[in-house]
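Each chain gets a letter, A, B, C, D, E and F, in the order it is written, and its residues are counted from 1.
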Amino acid sequence: MRVLAVGAHPDDLEILCGGTLARFVQEGHDVVMCHATRGNRGSFVHTSEEIAAIRGGEALRAAELCGAEYACLGFSDAEINAADRDQQRAVIDLVRDARPDLIITHSPGDYMGDHNEISRLVFDCSFYAALPLYETGKPYHSEITPIYFMETIMGHGFQPSEFVDISSTMATKVAMLEAHESQLTWLKDHNDVDIVEQMQTVSRFRGQQCGVQYAEGFVPCLTHLRGTTRRLLP
Amino acid sequence: MRVLAVGAHPDDLEILCGGTLARFVQEGHDVVMCHATRGNRGSFVHTSEEIAAIRGGEALRAAELCGAEYACLGFSDAEINAADRDQQRAVIDLVRDARPDLIITHSPGDYMGDHNEISRLVFDCSFYAALPLYETGKPYHSEITPIYFMETIMGHGFQPSEFVDISSTMATKVAMLEAHESQLTWLKDHNDVDIVEQMQTVSRFRGQQCGVQYAEGFVPCLTHLRGTTRRLLP
Amino acid sequence: MRVLAVGAHPDDLEILCGGTLARFVQEGHDVVMCHATRGNRGSFVHTSEEIAAIRGGEALRAAELCGAEYACLGFSDAEINAADRDQQRAVIDLVRDARPDLIITHSPGDYMGDHNEISRLVFDCSFYAALPLYETGKPYHSEITPIYFMETIMGHGFQPSEFVDISSTMATKVAMLEAHESQLTWLKDHNDVDIVEQMQTVSRFRGQQCGVQYAEGFVPCLTHLRGTTRRLLP
Amino acid sequence: MRVLAVGAHPDDLEILCGGTLARFVQEGHDVVMCHATRGNRGSFVHTSEEIAAIRGGEALRAAELCGAEYACLGFSDAEINAADRDQQRAVIDLVRDARPDLIITHSPGDYMGDHNEISRLVFDCSFYAALPLYETGKPYHSEITPIYFMETIMGHGFQPSEFVDISSTMATKVAMLEAHESQLTWLKDHNDVDIVEQMQTVSRFRGQQCGVQYAEGFVPCLTHLRGTTRRLLP
Amino acid sequence: MRVLAVGAHPDDLEILCGGTLARFVQEGHDVVMCHATRGNRGSFVHTSEEIAAIRGGEALRAAELCGAEYACLGFSDAEINAADRDQQRAVIDLVRDARPDLIITHSPGDYMGDHNEISRLVFDCSFYAALPLYETGKPYHSEITPIYFMETIMGHGFQPSEFVDISSTMATKVAMLEAHESQLTWLKDHNDVDIVEQMQTVSRFRGQQCGVQYAEGFVPCLTHLRGTTRRLLP
Amino acid sequence: MRVLAVGAHPDDLEILCGGTLARFVQEGHDVVMCHATRGNRGSFVHTSEEIAAIRGGEALRAAELCGAEYACLGFSDAEINAADRDQQRAVIDLVRDARPDLIITHSPGDYMGDHNEISRLVFDCSFYAALPLYETGKPYHSEITPIYFMETIMGHGFQPSEFVDISSTMATKVAMLEAHESQLTWLKDHNDVDIVEQMQTVSRFRGQQCGVQYAEGFVPCLTHLRGTTRRLLP
């Protein structure tokens, strides 16, 4: 199976579905980890270009730790915009390149604009990618891929309907998130948040909800042509 | 795996999850089909005792067609009552006898009292069945069993989150429902409803929602101690 | 058309659907106004029997002002209980006597137990009333009657999906409510609430929501066998 | 009454509300059937211009079968965009030309971007069309028109609150949909879907939910200035 | 202010609102901690009477650690029943004795019957307690008390709308829960659950949701006569 | 505390939260009242420039009556667009200028596009305003500010979870709304709506829901980094 995971910023996938992606890899599936922006506004101390370069390196290391392929759409932080034709084409091409059997992305009602916009872009464009006459220079993808929405940050307004046991990949998930050194510092300084501890709490909380050590929660996108009768998650 | 399915009346399971139960049997699992009432008020032409006897026979034949074990709680139609201590003990003993790994029952917001009451009885009593000091003469069941709610009649207010492909067992499901000859007649006469055609429409509708020929839809009961990280449905 | 309206206490129907009932009468339909309890605990100054007698008289006058038939189930305040077999039989017989084409009752999530219990009794028993073998000495009612839920008290948690213009019957509605003199006093004293003004505010609020002077809001009970393709409300 | 129905692509209205539109015409109302895009990306075998020409002809035939007036906004498939000022003006002018008493369009949470965007355009622009100072060269429409949302494709996440009996117009509805020959082929080839059979299943399912042979389901858009106390649907 | 907290079993309040109760006490309010059952079925090794005696002692110690008054309704585990007249009278008298300005109890949709039944009993009876003519030998309580629902066990289906910072009372909360030694053992043995660690995870999770170290989440019961314009929680 | 209230048009804040803003001022807080558009399309008799000038004056008087600072984003009616980069920068700068501790704005599901777009702009941009590298020439705001959503117009689809008692500021609220003379006339003529009476009805209705004379209702925006453990509303 080919899995495409799309987060807004470097580190979002690590926080919200890193353990699941590692399990996909463990079980022999191909995983592409894509962040939409370059992370170019996530710093108090660096210039935009500096921080983008740093975060690109961190995200690459995180993907390597997971065993996933790395991709970045190159958008700017705070500028993801589902109404933007160029961004739409970029996401269509991402899907056409990855040719996924399963897509994971943000929930539609998350805590900031970029998350909500990339969720909508992935929803819209994974459909448009299947239209031969939407020409982008790349061959169309021949199916409307099932989508799973990952948790909102800190779970506000989110109730998982499917859980993935990540006990066996929790150490990898922690390592993946710790690869984002610059972000750990910024969020510590800016919001007094230790995102590793926060991620561990949520993973433990979800684990307790389904009777395992650590878990991640998801809800399927239940719309026409995306339904399924099999469990696609690990 | 041991599967316990509990419907309010003879024919409810056949309508709402017959194809899924047949698939469980096909795949080697043990299935108990239990209806709560004797169906003793479902007639315009027979006495209560006559119709109960007729319907007991029909339900037994349906269970045999499915390859399931047959059970009946012996309650009266229109008298299922989750606040009744004797009925609670009967359901506790049903669970303690069946020792299920999975329970299927009605959704809490269905179209008539008996459906809603048995749903609550199964929810409550599958928990109480695990308490050693709730003494009924039968040994306690050692786990809080996951529950899947089947569809409401005609799907009002219900959105499945999991689908089971019943294309391979649709013929069995039809045969099971047709075993309820008395009920086909009564609903035809009383409500001008052809429940076989109705069931086929719903099964086809659910099939179209998830991309197969025929399907049945369910929602898991997501509460503490009933969560899981695996797909339990076929 | 025959309309059966069932409220928990004397004055509930007047507050929540009096204008609609008056319109039904205006348009030539038969209306039965039934309150479940005798109102026998709604006083700070009278004995239980005294207040029940007073309120029975008030309710009768209110029904007369509306042009409706008057009925009372004779239950005690604070003792409506959907799990009680005798109360079930009483509501079955109410339905079998009224033979309604349309039922109006409380919403399931209202502000006190009696309201919620009578709502469930009406839902359950209007189904059971159609079963010939549920014998109560009265002939079964030959259809499962559509139900409309009226507003919760002060609209908490309630969003109407259908509105009835009661501008032409607002004066009657006020008179009907004012017939409940004892209750106006008690709620004024006990809760510092002027229920006439309160009712006028809600009626005006609902009117503004649908573009008329005064309105009442309802939601249909959308379950199997109760659906319709026509507007049943005035 | 003047009815304006707006679907995303040629064939959407036929699938989701064709029977209701035919009933409006039957009862003497004026109906405009408008599809937002030219259907110019709905093919595997034709060029964009070829397929747009073919589908325009099919949609015109379908409208004629219904007795409705035909309109097309001329947008491109996969490019409907509620944030686009030119598209907004086009929809404002559509409303100003049609001067509807009732609008029917897609639900906001449907299965693909174009459906969701046209839903939002119709919601926004049917309001803006009433502002005299929003100048487009056409006279403003003097009311905020009530909107009914039609079903999502295959009913995911949708619960109708009003039903229309289309038993008498089902044959017309089938003929209207069959007029979209190119689309029948494409969806058969691309997604292995027989949209006529699919439409029949849904229409039958909705019919069973409300006690008729065939039905279509809708939910009113309940917002300020769009409320009503009458049934506007047939 | 007088606060009445009512849980189903000994230890429920400690898990779900112990930190909040300790804060109420800290700030000078009077708190009554009441568990509905004697905990008489919560053991694998003791007889019913033995475990009830043990758990009564544990609950008393927990209340003392909190500085709260201790109460027990004396019901049996697995037998809380909102339809039971005797249980209703017991809860009415509890309210009439405590005369609370604020009530905290279980959410209506929790994971087992006892929790849901006591929630309904408290909702119903805190209203009935205000009726002078509902005679129980104790004077009626003169107000309809606001209710806050505490979290479901492990937060399934629950979204807090108000948070209480319990960082300063977390140590007390842990000690209160650890006072329930017998229960720690039983749940460890029976369900392999460490309820102290589980409680800490949830408290930390809720804390992260609102920006403090540890928190508890609640939702107000928003019905007529229970609304307020002030924050009642600490 | 610094409070920033952002409405779509002149008069929206007056209708939906004027009493609360006046209370904030009364209690010594700083309030900025900002309307997004110039109100330049809200007339049947004036040119766009004329009406914009008139309404600017009216809004300024209303803010003065409240004791609030006045601001306007200068957008055009019917053109608020959350996907517009320039509008995003304008809202970011509004937040960076106001440096609020609390933001009040429209609910996401209100009755017209401008309301929904400004709600989304405020949600998105109050986050982006905190990013140092999103450079607009103004210093970044150092926190993600809590947001409260005010009621939809006429309360459709809205259930308040927090109420503010505005009995003491109701006279000011009426005066503030009456300052919008041009709008009173236009809505009277255009929609036959007396918005002062309408506002009074809603304020009284909300007051009755929470036991005071007049009230306004709100729901907090519960997302990551915006949670709180204190009541921020008066």
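Structure notes:
In this text, contacts are C-beta pairs under 8 Å (C-beta built on N, C-alpha and C of every residue); 3 or more make two chains touch, one makes a residue touch a chain.
Since the model is a prediction, treat every value here as computed from it, not as a measurement.
Both copies, subunit D and subunit F, contribute mostly unmatched positions to the interface they share, with under half of the numbers common to the two. Comparing the centres of all chains, each the average of its CA atoms, the largest separation from subunit A belongs to C. Of the pairs listed in B-C, B-D or C-D, the one whose interface repeats that of B-E, with over half of its contact pairs matching by residue number, is B-C.
When chain centres are defined as mean Cα coordinates, D lies farthest from subunit E. Look at where the CA atoms of subunit A average out and do the same for subunit D: the two points lie 35 Å apart. One simple way to say how far apart two chains are is to compare their mean CA positions; for subunit C and subunit F this gives 39 Å.
Centre-to-centre separation of subunit A and subunit C, using mean CA positions: 52 Å.
For subunit C, residues touching at least two other chains, in rising order: 83, 154, 156-157, 159, 209, 222, 224-225, 227. Chain-to-chain contact here is organised irregularly, matching neither a line nor a ring nor a star, and falling short of all pairs touching.
Checking each pair of chains for touch leaves A-B, A-D, A-E, A-F, B-C, B-D, B-E, C-D, C-E, C-F, D-F, E-F.
Put simply, subunit A touches subunit B in their complex at residues 159, 161, 163-165, 209-212, 215, 220, 222, 224-225, 227-231.
Subunit A makes touch with subunit F in their complex at residues 40-44, 47-48, 51, 77-79, 81-84, 110-113, 152-154, 156-157, 190-191.
Put simply, subunit D touches subunit B in their complex at residues 154-157, 159, 193, 198, 201-202, 204-205, 208-209. On subunit A, the positions that touch subunit D within their shared complex are 83, 85, 120, 123-124, 127-128, 130-134, 144, 222-227.
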